[in-house]
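Both complexes below contain chain A, partnered by chain B and then by chain C.
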Partner chain A sequence: MNWFAPDYLLYGSMITYLAAAIAAIIFYKHPHLCTQSAQAGCILASVLGAASAVRLLLSGQEKIILKPFESTIPYVSVSMTMDALSAFFLLILSVLTLCVSIYSIGYTAHYHGKRNVSLFHFLYSTFILSMLLVFTADNAVFFFMAWEIMAVLSYFLVVFESEQEENRQAGLLYIVMTHLGTAFLMIAFMLMFYYTETFDLSASSQHIPETGRNLMFLFFLIGFSTKAGVIPLHIWLPYAHPAAPGNISALMSGIMIKTAVYGLLRFVFLYLGVETPWWGAVILVIGMSSAVFGVLYAFIEQNIKKLLAYSSIENMGIIFIGLGIAFLAFARENHWVGALALTASLLHCFNHSLFKGGLFLGVGSIHYATHTKNMEKLGGLIKRMPVTAVFFLGSALSISALVPFNGFIGEWLTYQSIFASISSGNAALNIAYIVSVAVLALSGALAAACFIKLFGISFLGLPRSDHAAYAKEVPLAMNLGSGILAFLCLLFGLLPLIPLNLLSRVIASITGNGVVGQLQGGFLAAWYPLKISGNNNAVSPLLIFVSILLLAALALAMLRILGGSRRERKYGTWDCGFGSLTPRMQYSGTAFSKPMKIVFKIFFQSSRDLKLQGDHPYHPESMEYTITTESVFEKYIYIPLLVWVTAWSKRVKLMIQTGSVHTYLLYIFVAVLVLMLYNRIG
Partner chain B sequence: MDSYFDLLSVLILLSSFILVSHKRIKSYIKTFRIQSALIALTAGIMGFHSLASEGSLDILLVCAIIILLKVIYIPRLLHKTYGNVEYKVEKDFFLNIPLLIIICCALVVFTYFSVSGISSLSADHINLQVVNSFSVILIGFFFMISRKKALGQMIGFLVIENGIFVTAMFSTHGMPFIVDIGIFIDMITAILIMGIMVVQINEKFESININKLRNLKG
Partner chain C sequence: MIAIINNLIQLLVILLLAPMVDGLIKKSKAFSQKRQGAPILQMYYDLFKLIKKDSVVSETASWIFKATPYIVFSTTAAAALLVPVTTLLPAVPFPGDIILLFYLLALGRFFMCISALDTGSTFGGMGSSREAMISSLIEPSILVSIFTIGLIAGSTSIHQMMVTMAAVGNPLFQPVFILTFLAMLIIILAETSRIPVDDPATHLELTMVHEAMLLEYSGKHLALMEYSAAVKQLILITLVANLFLPADQLIPFAGSGGFLLSVALYFLRVVLLSAMIAVAEISTVKFRFFSIPNLAALAFILSFLGFLQYFILGR
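This part shows the complex of A and B:
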């Protein structure tokens, strides 16, 4: 018996997550022991999970089936299948969990003695386990159960710091939106059962007629998009992520919203099969709008966690663009481009979980050290928290898609897949592709600007408040967690073929042909350009990195040679003899985003108001300047909808609930009569 | 044997029609007592039959409990409650009596229409006993809706219960003893609670007209 076979490792991983949850309960009186045992369990479990996924991917085995026990309830079977796609997502989950759990050992220390740490760790480990089940469930009912468990547990984690009103409201919004999505999924699963009479995912979907397919696609799309947080179903995301504790935000943004991508691939791509081009077009349009609006809203945000949440919307948009291109290509029988786009999309999933996980952990560290999430109160943290700053910068560079980091590879492949999709004929589609390239470029540039703002305002300059001035470096475990993520970002950026080779097997197993063979450059031999056969686009991150280093060295050398031996002098900035310079005179985050606010005025509905007090406009006693921005989607879609639904419910409530016992009896009586009628003629 | 049951089921149905046609609460209680006695008679016949053929005492025991509870104890309880609350006479129903009777007839026809579709009940011919007893349930329910005063609802509830009991008896020829006992305990609890509630409603609203409960709506 091979104890290191993928199925034993997966069982081991699941049991260890459960053991971690139980350990959290057992040691509830000893917060330190509780944190350490639970997180150590999660670390071990994630290592086992990653090992299981990698072993499955490398072994070339098609899939493993786990059936821990038989269920006697009809249609419900507790059975799991891990194929290449599940394994890939399990790998993302495990890598992220590993780092976040290491981080949590330090991070949750600030809950000790103040909150129920035991509950937190219990929810934490079971939440991860529920995601693992989502990725491995192989029938719709079990998937649905795991999906719901995931939603409910994440709700409890979002409202963990529930004494704050805004957290409770964020949690409420989240649970309402996520159940809206779940409702659509439920309808889709019912349709699935209606047409095929089975919930088994490996069953064939041949007998579903065209209308049924289209309906199911729409329901799946709405259901999963709500979880993905793509625009216009995103409204829960910018509230829920900031409300959750730092490590939970990292998990939610890093992997939970990716369950939507998994769901779309599993249920639409693999189960329904892609035959209709408009499916891809719809996904593409959703992706484009999310990419642009997500980053625009991120750019004007001053709350650092909210900024990251909007940035997650943008990145889900990029992933959806890749998916849309892939769906379109497969519907048009263009398998090579489809596989390339799918590779790009899945790679970006992996990358996003690494750098967004790292960023959320970094922001969690900032919050841990300064107790504020408001960018305008930070500043100068690079001097006080140098290690955090370096890792944060690494992740920020990665998300801005700059070269030696992994974010670049994913976006580059997405661009390449779009370029490869453009072919002669079908002008409308070509225009859509070109627009999506433009959208991708725009959102990429804005994302870079956005993270310049985040890093520049928070870490550079002078502290804008006492919180930032007296910040201390966070514990080692926290830095270790975000450090591993930043290191992986750099590693996979320099050697992109490591994830691409794993991914190639996934793509090969779900589409029939992998693409890495055609992406030239052998395993680990990343200095060899990453080249797409068929056209001449190639890139070599390692070479670019080396040349950047060389250029920097050259620039320094030139400076030395030309500038001679000029001495460095450290002195305060000249203040024109006017008075001392204060941190308030620094460039602020609001000011940084001002130009963009003017350019994209229509999306922000921004308005400003200057109030002067005093007799003369040139010598005011005091000035007050306020800027307000509004979310267009909330103002024009959600709030009118909410008002209408509330008014309608009130009216109907008065009509149905008359207060008369006789009316209520009549309802029951009529129901009985209708049932009797149904018994006869139904 | 079957002809007795046919006759009894028709009589039970008739008693529920009589109930609907009454105007005074005292007459409701009287009719309910008669109906319960008829049910006890049915159970008694069935009980002797099963004692003779299988030697089991179960149904006879159930018959004794029916006599104790439904013929003696509950009507007395209702009388007592009535004595506590009723001190003025007012119109107790929404629709007039002939219209109520016609609706009840329609209910019986509807039940015939619906129940005749159940094939396992009517192998070769329609099981009229079940149709009749099922109609009793619906008429009891309809009685609850048509009466304004809370005592009417109590009696309607009891008639529904009677109907369910007879339907079960006619369709299975004797339910398991433990199920019957369970039902009786449920019923006695419900009636005790309702009796208390009626007194409370009377104290609060100075009437047992439950239409006044509308005022409680928030």
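This part shows the complex of A and C:
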């Protein structure tokens, strides 16, 4: 018996997550012990999970089936299947969980004695376990149950700091929106049962007629898009992520929203199949709008966690662009391009979980040290929290898609898949493709601008408040957690074939089309280039990185030889001769994004209000300047919808809810009668 | 090994020539204004003077401020490695990818922008914010332009694109290339901080973008930053020269003679393009900052029409 076979490892991982949850309850009187045992359990479980996933991917085994017990409910089986696609998402989950759990050992220490730590760790471990089940469930009802458990547990985690009114509201919005998505998923699953009479995912979907397919696609798309937080179903995301504790935001943004990508691939791509071109086109359009609007709203945001939340919307948009291109390519029987686009999209999922996880952990550290999420109160943290700053910068460079970090590889592959699509596309689609190139370029550049702002305003310059001035470096465990993520970003950027080799097995298994070895390159001999075999486009991040290092050394040496050794004097920043600079004179985050706000003012609905006090307009005694921005989506879609629904339900309430018992008895009688008649006739 | 040496020779050509191109543009501008102007080699003198001076570093600044000049220089020089001066030599030990080229330049820009925020100076923030806006708005036209050329060449390798354009012969006789060329000219003006987007000659806070970010730099650091800006400018000029005004197809013989001739022709085209940039600069005024989106939109429309002409109408 091989105890290191993927299925035993997976069982081990699940049991360890459960054990961690139980340990959290047992040690509820000892916060330190509780934190350490629960998080150690999660760390061990994530290592087991990652080992299981990697072993399955490397072994070439098609899939493993786990059936812990027989279910007595008809049509529902509690069985799990881990194939290559599940394994890949399980790997993302495990890597992120590993780092977040290390981080949590330090982070949750500030809850000790103040909050119910035991409850937190219980929710934390079971939340991760529920995501593991989502990735492995192979029965639609079981998947649905895991999906709901995941939604509810994450809701409890979002409202964990529930004494603040805004957190409770964010939680409410989240649970409403997520159930809206769930409702659509439920209809889709019912349609699935209606047409095939089984909830088994391995069953064939051949007998579903065209209309049924299209309907199911739309319901799946709406259901999963709500979880993904793509525009226009994103409104919960910028509220829920900032409300959640730092480590939970990292998990939610890093992996939970990607369950949507998994769902789309599992239920639409693999189950329904992609013969219809307009499906891909719809996904592509959703992706493009998310990428642009997400990053625009991120750029004008001053709340550091909200900024990251909007940036997640942007990155989900980029992932959806890749998915859309893949769907379009497969619908047009262009398997090579489709496989490339799918590779780009899934790699970006992995990359995004690494760098966004790192960024949320970094922002959690800032909040831990300064107790504020407002960028305008930060500044100069690089001197007080040097280690956090370095790791944060690494993740920020990566999300800005700059070489030599992994973000660039994902972006480059997405560009290459569009490149390959246009080479083989037709005229109408070519316009869509070139627009998506422009969209990717705009959102990429704006994302860089966003993180220039986030890093520059929070970490550089002078501290803008006492919160920032007296900040201290966070505990080692926290830096270790975000450090590993930043290191992985650099490693996978320099050696992109490490994740891509695993990923190419996934692509080969789910497209059923031999695309393994499509992305190939010789080890160091040819400087480890990442090459696309179809058209020989290639990049070699390692060589570029080495060149950059050599050229920097050259610059140092030449300056030394030609210029001699010169002193470096410390002196104040140029203040135009008016006396010393104060932190208030620095550029603020609002000022930094002001030009963009003016250029794209149509999307921001911004209004300003200037109040002057005093007699003279040029020398006022005091001045108050307020600037407000609104989201177009909230203003023109959600708020009118909310108003309409409220008004309508008030009217309906007056009509049918009279308050008298005999009316209600009549309702019950009519309902039973109708059901009996339906049963008789139907 | 020979490939690496060839590559280094081309890098050296760009590194040595870059300050002179700056001088050429300044001289052309001076000529049009009936001034004598500074010598063409003035930038070399300036750089040598600067590297012999002490540098002053702000008390507020962190290691970012001191590391940035080296990062900006090394990324720009690494970008120069990717751009062949001539297509005659099998010079590239790795295929220089054009998307990589622009993302390398973006890495330098990222650090330049955060270093400007590092000193806590208002000017730095101003320059950084404006640079972030201009570069974001111009980025879509860059990618659409390079996609158009890349798709025609069937590759995103810069070398391959240049070889294809040399085979086309006179690209500027075809509408798709004229449109893309015009877009690229606007892109060069925006990326190298020239009139009408920015004014390289002024130090007035209301108008400056690039200079505002360099305001706190002095001595060696300033020398590196100025030098990198000149190298970046020559990289873009080289790219446009070899893509839209290819001359390597004219050279009848191979070997080192051919190489020298090719470099000489390259030099002529660089002079021509520098003069064009100077003409563009003297024939316009600096735009109001919020008119720059119009210019970016113009560049985008030109590049987009170029794509449409070739891939929609052309097929």
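Observations, loosely collected:
Everything that follows uses one rule, which is that the second predicted complex is superposed on the first by the 642 of 682 C-alpha atoms of A that agree within 3 Å, B and C clash if a C-alpha of one lies under 4 Å from a C-alpha of the other, contacts with A are read in each partner's own complex, and residues count from 1 in each chain.
Going forward, a contact is a pair of C-beta atoms (placed from the backbone, for glycine too) under 8 Å apart; a residue touches a chain by one contact, two chains touch by 3 or more.
The model shown is predicted, which means the values in this text are computed figures rather than measured ones.
Between chain B and chain C, C touches the greater number of residues of chain A. By the touch criterion defined above, A:Tyr571 lies against chain C but remains apart from chain B after alignment on the C-alpha atoms of chain A. Contacts of A:Ser593 after superposition on the shared chain: chain C is touched, whereas chain B is not. In the superposition on chain A, A:Val661 contacts chain B only, with no contact to chain C.
In the superposition on chain A, A:Ile248 makes contact with neither chain B nor chain C. In the superposed model, A:Ile175 lies in contact with neither chain B nor chain C. In the superposed model, A:Leu96 lies in contact with neither chain B nor chain C. Taken together, the two complexes place no residue of chain A in contact with both chain B and chain C. The touching residues of chain A, when paired with chain C in their complex, are 379-380, 382-383, 397, 400-403, 408, 411-412, 415-416, 418-419, 422-423, 427, 430-431, 434, 437-442, 444-446, 448-449, 451-453, 455-457, 460-462, 526-527, 529, 535-540, 543-544, 547-549, 551-552, 555-556, 559, 562-564, 566-574, 581, 583, 585-587, 591-596, 598-599.
Contact residues on chain B toward chain A in their complex (touch as defined above): 94, 110-111, 113-118, 138, 141-142, 144-145, 148, 153, 210-211, 213-217.
By the touch criterion given at the top, residues 657-662, 665-666, 668-669, 672-673, 676-677, 679-681 of chain A touch chain B in their complex. Residue ranges of chain C in contact with chain A, taken from their complex: 48, 51-64, 66, 70-71, 73-75, 77-78, 81, 93-95, 97, 99-100, 103-104, 106-107, 109-110, 113-114, 116-126, 128-130, 132-133, 135-137, 139-140, 142-144, 147, 150-151, 154-157, 215-216, 219-220, 223-224, 289-290, 293, 300, 304, 307-308, 311-312, 315.
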